[in-house]
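Chain nomenclature is as follows: A, B, C and D, assigned in order of appearance, with residue numbering initiated at 1 for each chain independently.
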Amino acid sequence: MTKIAILGGSGYTAVELIKIVLRHPKAKIEAITSRQEGTPAIAELHPSLLDRIDLRCEPFDPDALKKRGVQCAFGCLPHGVSAESVKPLLERGIRVVDLSADYRLRDPKVFEAYYGEPPHDVANLSKAVYGLPELYGEQIESAQLVANPGCYPQTAILGLAPLVANKLIELKGIIVNSCSGVSGAGRTPKLTTHFPECNESVSAYNVGKHRHTPEIEQALTDAAGEPVEVLFVPHLVPMDRGIFSTIYATPTSEVTEAELTKLLREYYSKAPFVRVRDTLPATKDTAHTNYLDLCVKVARGKIVILACEDNLIRGASGVAVQNFNRMFGYEETMGLV
Amino acid sequence: MTKIAILGGSGYTAVELIKIVLRHPKAKIEAITSRQEGTPAIAELHPSLLDRIDLRCEPFDPDALKKRGVQCAFGCLPHGVSAESVKPLLERGIRVVDLSADYRLRDPKVFEAYYGEPPHDVANLSKAVYGLPELYGEQIESAQLVANPGCYPQTAILGLAPLVANKLIELKGIIVNSCSGVSGAGRTPKLTTHFPECNESVSAYNVGKHRHTPEIEQALTDAAGEPVEVLFVPHLVPMDRGIFSTIYATPTSEVTEAELTKLLREYYSKAPFVRVRDTLPATKDTAHTNYLDLCVKVARGKIVILACEDNLIRGASGVAVQNFNRMFGYEETMGLV
Amino acid sequence: MTKIAILGGSGYTAVELIKIVLRHPKAKIEAITSRQEGTPAIAELHPSLLDRIDLRCEPFDPDALKKRGVQCAFGCLPHGVSAESVKPLLERGIRVVDLSADYRLRDPKVFEAYYGEPPHDVANLSKAVYGLPELYGEQIESAQLVANPGCYPQTAILGLAPLVANKLIELKGIIVNSCSGVSGAGRTPKLTTHFPECNESVSAYNVGKHRHTPEIEQALTDAAGEPVEVLFVPHLVPMDRGIFSTIYATPTSEVTEAELTKLLREYYSKAPFVRVRDTLPATKDTAHTNYLDLCVKVARGKIVILACEDNLIRGASGVAVQNFNRMFGYEETMGLV
Amino acid sequence: MTKIAILGGSGYTAVELIKIVLRHPKAKIEAITSRQEGTPAIAELHPSLLDRIDLRCEPFDPDALKKRGVQCAFGCLPHGVSAESVKPLLERGIRVVDLSADYRLRDPKVFEAYYGEPPHDVANLSKAVYGLPELYGEQIESAQLVANPGCYPQTAILGLAPLVANKLIELKGIIVNSCSGVSGAGRTPKLTTHFPECNESVSAYNVGKHRHTPEIEQALTDAAGEPVEVLFVPHLVPMDRGIFSTIYATPTSEVTEAELTKLLREYYSKAPFVRVRDTLPATKDTAHTNYLDLCVKVARGKIVILACEDNLIRGASGVAVQNFNRMFGYEETMGLV
């Protein structure tokens, strides 16, 4: 049994994480911290947890967490804030899965270009392993610090990695057109996520400059062994959860759907949560699960990859537990199926 | 042609009002005021108005409005704030349709009991006519100040008025169970109206103590000639617009659906926007219109009235224009069909 | 380990049941039958099951099920059809949890009045136990045949049972006003459940004559020891899942919210899936869980009970597994938390 | 005043058309035909029309329509069926706006390749003018037969026409990624449009082979004067109405957003319903209007055009009336603003 702590209990990734861990036979929630005033019961912040967990939120105290035997902390805080908690935990030998963006990008200049400020903990950047288990699984196993991946990037990276790794597509000019449910925007009310504004509407945002762009490129460049460049255009669609990415790439030579499907199947033959499908996927097929569905088509001289997932589970808290399982030697699917 | 002003341009009732007036052959928007800083184009606040109206918001200046020939102002401000604008307009002889709650309740003590503070303009309360044209049509014609009715109350009042007026139901123990789309909560983002919180969910709020309760009772007491008491329970449902009220009353003597339907038809024979139906209504049948649909059933010893409307049109801006039409001698349906 | 069969694999209750049983440590799906042509993989009918279950649907063959060691069958077929499968299974000593309405009503005349035809298996009616574990738990333990309760009735019955059992409310004139998500209508496409028809709309249906009415009355009459009568009005609201019932009753003597809340808490002190709350519930708090949330208010001389649940889990497949657990001596919450 | 007929009254384009024509000061609905049995009141098929129109559906009789003075018929029937009605009307000198696909593609072989059968009325193909007023306005004015454009194609064609006409982008490799609300699928219930299937889900369909592909290419080839090729990928998103197209093209030489925006503004300077915006559009901004919003971005070496509209108004019935206005010499915006 591994004692874990959750840092920042008030948001959507925290509540999903709690629900997963409650089902996990080898993990136990020892503490949930919050920057909120007082020590509200976590079930007060998230009524869906009533009668399911008895903990109250507590202020962040790394020494106390250490003393109480916490071995792993999950950071569910916003970037910037998160690094401030991660640092003292690492110093005390507590391993961390950080769901924020603070440790995802290796190059501080790239971080600064997209986030408008330098990373908050440059010193620990080199310790961080990018938490995409299908690509960085071995490194994750021994990592002290796992930078849990962004929601959008996982669809793009897992959809494209087998193709760039095998040089089947041109590495420039890749287009990632994504649609996300509204929970991806977090739990803080804003006009753009006010129900009567975003319901019954589709819109694009951050066209070509979303912060997940460099994350996609970093991982695909790793996979390709040379620079990959993507144009990423996210859209907001009126649903709670789910990301659907439609990815357009130019093949370097003629290839069939059957060949590509076979390649993807082989590439992910040991990945329990990647489902390579013959049929077109729908986000609903993956809702409330840790599965990421892929389908590949060839049309009009382009390769089209359809990729979808639940942005809160596979896109955040589910993959965090998948990483945790690898870090602590548990079955990769434990608590997740 | 009548020049009108709209006070408070940033909310949902304002944008709906603008769209209606743009189609109205006899009304012209002379000014839109806003408490926002600067003078933003109204189409900047509401992109749906792009290319449709060229006005910029301006600070409230009653003398300027008078000088520019404004004859009618529509108050789209929150209660409390609204009265502060209405007062100087009335002093200058500008007629007002106030969409806030400031002038709806005749008894200041009842207002205070439900709103937690006394009315902001007691002096003008006696001038105000409750703006439900089907019941107070004649008084509205000559009114200086019309207190536009609340969204929920219209369904309850129009559903019950013919029955209480004819003493067909007991006047105590009436239950009004209502469901509203989220736009009824206004345009200010809150956690309860944050998309991922209220989407895919139904909840009740303000059980038995919603501020629309005394408004329903006041109008029904007028219709009955003796005190009427209702238990009003509103619910939030995941849609943009629409109110559906299911009203339960106890008949004073045996009566059939056919008799009740006939009574309602006669009662509203001259009301162009009340549709008494033989089939069960759906809010979608009334969406984006000024119609209010009614259907009456008898079951298990109770009379059940189903009433629905679009909360932003019939429930606010549409009925405001219906009132305006009566006040200025235009055809009641002008701009509304 | 208990081998189970699922009869009728193509609908929503079947797919939810499969997902629950896949997590249940003591139940194993031995067979899934279907009336569809051929033997489609169950994951073909429900793509969300891809890579999670490998079974194909098979034709119904009670002897084969018996031979293969099936000890419990879950009927996910429409009423009428279901009884035809239940009969031969009971004859072979296979216990059944039937999710259809075929065995819910003890009085064949009442069934006929609401379903327009006599029950299809009158002979086994007396064997059936109504599968609401909080009220009929002991009988369920030894039952050969459990008539799994309807979705709406559970909210009404569990909300009202403590009050009628303690004679705190009048037994006539009870009103149950319910809102349901669209999955409650099943998986067969119809105009009323066609997305552009029911989305962004609320409507009532079967006012006062819905088939769940006698089911509510039968169970409450059991609890009260004398006849209870309810007026039940269901509504369709635009969401996938969730039922919210607002229940109105007249107290027989003065009583406070605090007293009623305490009573409910005591009544359900041993019920792991009934959550008596101090705060107003929302269907989303119960989504994808087997919890049923209750809250009680007193207003304007009425008792108002707010009750909600997930109609597919608590309202169907979850409570079916809860019944199964009791029947086979497993922990009541197994597979469900 | 021009008398019009509507062929096929039961679908969504018909009901939207009726609502527009009811507001049109110069058009009068003389007849609505239906293939349904009997002569149901049109308000029975569409309860939103109650009290707004008194007509009953009638069988199609071209001689009677001619005799009653019908000058224009709007075809709201499925392709194939539509041509059978259009033929006899043209023979009798009644002008037609056909909302089906029967006359959109000039080349019968292209039609057959995408629709699996030859066009049903080859003889009249050459008479048909493609009904996109911004590009074919003059021809529409004198046309006997207007082939009203598809919903998706309008966003793609109007977004790309100024660019291909000015040779600013490469004519191959254009990608049109579109999201549509569910009403685009029509009113016939199917599993894919059953609420619990498509709600809370995004999916792609007909990847690279949707029937609107050749329509887009035909119009853009006209605009460019040489062959244009697009890869079109449509998606279904959970909302009633609205199409959002994200269009990716490769510039032939360096160009800025400002230059492109200026070009679009000039190109559509006389088009009252095309709004070239500086801000990113949302489908909701165009909902229930005939406006089509465009915004252009340059990112990562690509031109990205964001285009959106209401699929039922601008995408079908609104543009049909816009065509009608041109055909009969009325102000282009009549009935539409």
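Points worth noting:
Criterion: a contact is a pair of C-beta atoms (placed from the backbone, for glycine too) under 8 Å apart; a residue touches a chain by one contact, two chains touch by 3 or more.
It should be emphasised that the depicted structure is a prediction, and the values quoted were computed from it without experimental measurement.
Think of each touching pair as a link: the shortest run of links from subunit B to subunit D has 1 of them. The chain with its Cα centroid farthest from the Cα centroid of subunit A is B. Subunit A and subunit D have CA centres that are 40 Å apart. As a whole-number value, the distance joining the C-alpha centres of subunit C and subunit D reads 46 Å. In terms of their C-alpha centroids, the spacing between subunit A and subunit C amounts to 36 Å. Counting partner chains per residue, subunit D shows two or more touched chains at residues 181, 197, 199-200, 238-241, 281-282, 284, 287. For subunit B in complex with subunit C, the touching residues are 172-173, 175, 177, 179, 181, 197, 199-205, 207-209, 229-231, 233, 235, 237-242, 244, 246, 248, 250, 280-284, 287, 297, 299-302, 304, 306, 308.
On subunit B, the positions that touch subunit D within their shared complex are 22-23, 47-48, 50-52, 200, 272, 275, 277, 279, 281-282, 284-289, 291, 293, 337. Of all residues in subunit B, only 12, 181-183, 187, 189-191, 193-200, 238-241 touch subunit A in the complex they form.
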